[in-house]
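To start, the structure itself, in structure tokens.
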Amino acid sequence: MKRTSFLPRFAETVFLRNIVLMQGLGLCPIIAVSTNLKYGVALTLCTAAVLLPTSLVMSLAGRHLPSRLRPPLYTLGATVLLLGAGWLINRCISHELYAALYLYLPLMAVNTIFSFYAGRYEVHGRPGHALLDALAASCGFGLVICLISCLRELLAYGTLWDVPLSVPFTFSQAALPFAGFLLLGLMGGLLQRLTGRPFNAAPGEEGGAAK
Amino acid sequence: MTKHAPFIHTGERSVLFQLDVLLMLAVLTLISYVFYGWRPVLLILCGMACATLCELLGCLLRRRRIDPSDLSCAVTGALVAMMMSPTAPYWLPAVAAAFAVLLVKLPFGGTGRNLFNPAAAGVAFVTVLFPAYMTSFPAASLNMQALPLTGTAELQTVTSPAGQWLSSGTLSLTWGDWLLGEFSGPIGAAAGIVIAACAIYLFVRRTAAPSLTLSFLLTCTAGARLLCQDWQQALLLIGATPIFFASVFLLTDPVTSPHNTPGRILYGMAAAGIVLLMRRYCAYEETVCFALLLANATAPLFDRLGGLLLRRLDSRRHREVEG
Amino acid sequence: MIWRETLLCFLTAALLQNIVLSTGFGASMLLRTLHRSRDTLVFSLLLMLFAVSTVLLAYPIDMALGTSWNIKLLRPGIVVAITAVLYGLFSLLFRHLLPRFYTRYGRFFPLAAFNNLVIAVALIINHRAAVTLLPAVGIALGACAGFLFLSLCTRECVDRTDHPDMPYAFRGMPVSLLYLGILALGFMGFASSYSI
């Protein structure tokens, strides 16, 4: 991979082809738990910690596995990694954080991010591209979930990272799912407006699992 | 016979539609002025002004020419305010109108392209955000007294008939109260006889489809009978709540409803079913706008179904004629 | 009584607290499978198959394993493992018994099996809802019925927003997200004491 293509490709994946706003992947954790910046950061780190090794392994070894075994294998692998991440959060970081994310952390293993990214690199087998795309996808996901978390936490509770701020008004309803969908739609519209072109995922991009 | 948007072209016909609806809303505004003075009129003007400003902003952002014959934003602003209490703060219809135009209408393509009724969405939005303002209405004893233009916090407020039914399961309302508007409710839920007259005018002018309103109201009433003690209570539960207003002015929006008669009848019945389900299981006092949003989502499905039924009928008739 | 509870659970998962719109489970797949409108029904039926069978297996295993802290930590992994087994089993069954169906729709099997909605329903039933087996199956069926309803509606949204008046900033995913947001606002009308 040429060094000169690293930044443009990275920026394109983070912004122009943002996995949440442009491709509609990884919506579940954003809609459900992006009501506190802590949760957003925790989920971003967990996503990166799982997506990077999973994509790398699938790009190296995916071709050697029977196609029907790939989805359960990378899902189980991702689950093991996420259970480990959950155990670490519970033991070393915060029990409250783990309790809040208990349902959603392991569900990241079956999140469309993994099936559409890790699954896509099984055939192409370019580890460098796989790592770069996984990193960019994680950054893109993290950017969106952290931004939405900030907005929703400020609007709903008047805090940021549980630190109270002086905001003129709060709406607890900003923590509701409909607000999450609407904010995502508006952010997507703003991104498309700034980039100047709409993005439509092609039918063939439904993930390697579909092959 | 499934048609595709836009269902209202900015042409002579659409202007007539909008003028008819504005005329009927003006009649209801006059009634509300008689009941409560200038306050409800100012609320309606706030809603209309905000909706128009948001529409202008949208035109500027999209670098489109402003079409002076397009009165849909004014209609949206007026409808939004009509669903509110006469004691609501002036910013409330403005917030609802802004949400209606900026998030429900413009992103989907503007006039004639919206997939949801903007007024229903705006009212649903402020109901979720500010439930207290949406459930406080001036007591019936304040009817025929001009409300103060500012400082309505001291006024005696009560819940609407819908709220009364929700808490006690009965309505202490008579036919005379309903017909003459002697009950607490939103600006638009005025005297039943006036809304009925508006409905007849809109049906005669073909601005509203009677099949929609009638199928909706009949199904609602039949279902309400299951929830109420007797037919009088069931009819008053439908008539003395925004359900009646919505069945004439919101449900009949030609952009978000089916375009063939069988589809309309099925749509009206489905919308009524959703209203009744929400009435049975929901904690909100008034849910007709929420139900309308869900019904709008099913409108294309009923349009297709209605078109299929019509094609089957046509082919059968054709075979009979040939035979 | 049990049937009434099952029906209520079905209605709750499908309407009163639509799982897709109240939690986002399955929302991504909803938006991504819009390319194949004719296959929406097949995908939803497969989703139902995997959701119900996962619940049927996970529920008794949960009861047997108990509620110790270690089991609680491992429970998501157990559910995913159950789903993996079911995926293998159904793939084999369909490949041998309905080969034409499997040739045409085999690509949906992993998407339907390893789906947020399927795993989440099994976890929710254990973590939040104190229900017996039949109502748990009702929740699984209701979640998938809600998914199917939303798929059909969102498909219409995609069709009807494909026109030249559509602002280019909102073309594609943004308008679909706004559509789901307004639909979720509509479902707020069912907000009540009933919840899963």
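Here the chain labels run A, B and C in written order, and each chain numbers its own residues starting at 1.
By our rule, a contact is a pair of C-beta atoms (placed from the backbone, for glycine too) under 8 Å apart; a residue touches a chain by one contact, two chains touch by 3 or more.
For clarity, every value in this text was computed on a predicted model and none was experimentally measured.
Peer 1: Taking touching chains as linked, do they make an open path (line), a single closed cycle (ring), a hub with spokes (star), an all-linked set (complete), or other?
Peer 2: Graph shape here is complete: every pair of chains touches.
Peer 1: Hey, which chain is the most central one here, using CA centres?
Peer 2: C
Peer 1: Tell me which of A-B and A-C has more C-beta pairs in contact.
Peer 2: Greater number of contacting C-beta pairs: A-C.
Peer 1: Mind checking the centre-to-centre distance between chain B and chain C? Centres are C-alpha means, answer in whole Å.
Peer 2: 33
Peer 1: Report the inter-centroid distance (CA atoms only) between chain A and chain B in whole Å.
Peer 2: Result: the chain centres lie 40 Å from each other.
Peer 1: Hey, how far is the Cα centre of chain A from the one of chain C, in Å?
Peer 2: Result: the chain centres lie 20 Å from each other.
Peer 1: Return the residues of chain B touching two or more other chains; collapse runs of consecutive numbers into ranges.
Peer 2: In chain B, 103, 107, 128 touch at least two other chains.
Peer 1: In chain A, what residues contact two or more other chains?
Peer 2: 176, 178, 182, 185-186, 189
Peer 1: Which residues of chain C are in contact with two or more other chains?
Peer 2: Correct list: 167, 170, 174-175, 178-179, 182, 185, 187-188.
Peer 1: Considering the complex alone, what residue numbers of chain A touch chain B?
Peer 2: 171, 173, 176, 178, 182, 185-186, 189
Peer 1: Under the definition above, what is the set of chain A residues touching chain C in their complex?
Peer 2: Residues in contact with chain C: 21-32, 68, 71-72, 75-76, 79-80, 82-83, 86-87, 90, 102-103, 105-107, 109-112, 115-116, 176-182, 184-186, 188-190, 192-193, 197-201, 203, 206-207, 209-211.
Peer 1: Taking the touch rule as given, give the residues of chain C at its contact with chain A in the complex, in rising order.
Peer 2: It is residues 21-29, 31-33, 35-36, 73-74, 76-77, 80-81, 84, 87-88, 91, 107-108, 110-111, 113-116, 118-120, 123-124, 127, 167-182, 184-185, 187-188 of chain C that touch chain A.
Peer 1: Name, in rising order, each residue of chain C that touches chain B in their complex.
Peer 2: 15-16, 152-153, 156-157, 159-161, 163, 165-167, 170, 174-175, 178-179, 182-183, 185-194
Peer 1: Which chain B residues qualify as touching chain A in the complex?
Peer 2: 103, 107, 128-129
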